[in-house]
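Chain naming follows the written order as A, B and C, and within any one chain the residues start at number 1.
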Amino acid sequence: MRVLGQIATLVRKDLLLEWRGRTRGLSVVLFGIVTLLLFSFAVGPDSAALRAGAAGFLVLALLLSSTLALSEGFRLEHENHALEGLLLAPVEPMALYYGKALSNTLFLILLAPILTPVAVILYAVDAGPATLVQVIGLWALAAAGLSAPGTLFAAMTSRLRSQDVLLPLLLFPLVVPVLLGSVKAIALVLGGDPMGQLSSWTVLLGAFDVIYWTLSGVLFTHVVEEGV
Amino acid sequence: MKRLRWDAIIGLVGLLMLLVGSYIGLFAAPPERHMGEVQRLMYVHVPTAWISMLVLTAAFGFAIASMWTGRPKWDAVMTGATETGVVLGALLTVQGMIWAKPTWGVWWDWDVRLTTTLIMVLFFTGVLVLRSYVAEPERRATWSAVAVIVGYVDVPLVYFCVRWFRSLHQVQSSPETVASTMITPLRINAFAMLFLAIWFVARRSRLELARLRRESVALPPRRAPRGTAVPEAPQEG
Amino acid sequence: MSSSAIRCESLGRRFGRRWVLAHVDLEVARGDSLLLAGSNGSGKTTLLRVLAGLSRPSAGTVRILGRDPHSERLACRRLLSMVSHRSYLYDGLTAFETLRVWARLGGVAYADGELENLLDEVALTPHRDLPVGGFSSGMRKRLTLLRTRIEKPDVIFLDEPLAALDSGGKKLVERWIAREVEHGTTVVVASHAIPRMSRICRRALLLEEGQIAWEGSAADLPSQMEEPA
């Protein structure tokens, strides 16, 4: 289907631009690491407390980094008004949305292999490679959940004066299910799951993803209709 | 004297009903067995909860209407309902805190519905802030309607995840059931708050519509062009 | 009427309290060429944007080859191209990659060799693998023109195509537009460069405060503009 091909072209374009402008990705990674460090300072050298909060700190670092990544994703589109150029092409706005949301998700997922080991080290977490793979899998679900509404909101706020405040203001309350779900799930993976609750939290994350990837795709058409 | 509008009449009726219902609830109804006097807050708290959810659902409906028809009147009513919903939600949160302190000794006990309400109050306030930053009326209507729809769909998701989150910890009873003998003041206050909410929404919508009308302006008079239209070029093959 | 390429009836566009366009009645036949003239703020750019489907009319109707650019988005997009003073380029992509993205999004299969030939037409071959961010405005304009070659539209809109170009660049663009006109593409140009553009276009329209103040043959435009207001 042509739409899939267009989405692939757009994702490839974003990844190519991301690779060329690597400093941007590097800044977000460094921001994530600094955030993890700050959390450990806030708690203090109490290994038990750090270990207990590890899942929460990791997800919070992802959440805070995501607003940077999401708004950067659209800044490129507004340089030279490239997004308008895309709107002039025979491309469905829905393809534009899924292309951008997918590249945002991929970018956020790429943070996981770096930030997860840092968290494991800083918070004295006892986790083998199999466990870490599970964590990264849950991170991927969370990243998808953040990117779906995040791309929609970033498209709106990237043109407004107060975009740095507006995007988190709208996104953070909305993605509480992603936050809670991924924190609980990752904590269960790291600390053991005696009552078998992992599947429920994973299903919640999955449901959020499905709902918002569908809904945001449909609504995006209206957001860019007036010319972004 | 200016003739009162329909919504002001409703609002007045609502206010009177609130006074009556609250009087009964505060003085006439018997105190609850376990919780004592503080439970009387329920006569305001429960209706606020019902009506705030109702108003938010109405906002969702208006958002869909606004996107479907593109007419400014739906945008105005959606704004009125969203603002009213935010105010009621904030009120609900404060009431919950007032109830929690004497009952549990803490201001905040992570009650499922109150937590959900607080989160939604924050989100919909964000939607109102978004509106204030968008100058163009059509774009403002579309974007805020999109945000309201996205936010409303989240309510059940937030509710369930907070509920699961809480069920893992100790279960505390919430300000829930009320004995059947005390239904009357509850019903009175429920309708009272409904009428008051309708009045708020109507007033706010009217303000917003007036603002939109002030922003819109009639077409300037037509000036006939000089010159003549050039005869059509011969069609190319 | 399907014989007209562009048809507007009572077109109007409002931003806030200001009607930037009002009472615009326009008909452009297929293969015709129209020059839009007018001072800054007269509504030229807005008119082009509405015609291209980037902006929704506040009043009236627009038809491009019989289709509404807003409700029949995709169908219209295939039929038209816009060359704006905005370059719509990604600074991080090379010239070649840019062409390839446009080709793929446009749904037309282009071999690499064909894209390279296109770059050659505008003398951008030495810059094939250089990021667009380093290009001069003239080079950017040349690359942007190639988009019309890739999209092969029936209608081309150009918004100030000669802006920020040296005389060599201006001649290139003029030749480009003239060639499109020869090939029967419908062309609408908004420009301040009246003497140059009125030689290429057949008809002209003068906009004042969003309304059509004068219309006629492009050859008559320069004298029209010298008349006292």
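Note that contacts are C-beta pairs under 8 Å (C-beta built on N, C-alpha and C of every residue); 3 or more make two chains touch, one makes a residue touch a chain.
These numbers were taken from a predicted model, which means no experiment stands behind them.
A.B. asks: Among all chains, which one's averaged Cα position is nearest the averaged Cα position of every protein chain shown?
C.D. replies: The most central chain, going by mean C-alpha position, is A.
A.B. asks: Sort the other chains by how far their Cα centres are from that of chain C and give me the top one.
C.D. replies: It is B whose centre lies farthest from that of chain C.
A.B. asks: Please tell me the distance, in whole Å, between the geometric centres of chain A and chain B computed from their C-alpha atoms.
C.D. replies: Distance between chain centres: 30 Å.
A.B. asks: Using the average of all C-alpha atoms in each chain as its centre, how far is it in Å between chain B and chain C?
C.D. replies: Taking the mean C-alpha position of each chain, the two centres sit 47 Å apart.
A.B. asks: Quick one: chain A and chain C, Cα centre-to-centre, how many Å?
C.D. replies: A distance of 38 Å separates the two centres.
A.B. asks: Counting only residues that touch at least two other chains, what does the list for chain B look like?
C.D. replies: 136, 138
A.B. asks: Could you list the positions in chain A whose residues touch two or more of the other chains?
C.D. replies: In chain A, the residues touching two or more other chains are 225-226.
A.B. asks: So which bits of chain C are touching at least two other chains?
C.D. replies: As it turns out, chain C has residues touching two or more other chains at 56.
A.B. asks: Taking the touch rule as given, give the residues of chain C at its contact with chain A in the complex, in rising order.
C.D. replies: 49, 52, 54-56, 70, 74, 77-78, 81-82, 84, 86-93, 97, 101-102, 104-107, 131, 151
A.B. asks: For the complex, give me every residue of chain A touching chain C.
C.D. replies: The touching residues are 2, 5-6, 9-10, 13, 16-17, 20-21, 76, 79-82, 84-92, 225-227.
A.B. asks: Given the complex with chain C, which residues does chain B contribute to the contact?
C.D. replies: Residues of chain B touching chain C: 135-138, 215-217, 219-220, 222-223, 225-230, 232-233, 235-236.
A.B. asks: What does chain C use to touch chain B in their complex?
C.D. replies: 3, 12, 14-19, 22-23, 27, 29-32, 56, 59, 184, 202-203, 208-217, 220, 224
A.B. asks: Can you tell me which positions in chain B touch chain A when the two form their complex?
C.D. replies: Residues 67, 119-120, 122-123, 125-127, 129-130, 133-134, 136, 138-139, 142-143, 146-147, 149-151, 153-154, 157-158, 160-162, 164-165, 168 of chain B touch chain A in their complex.
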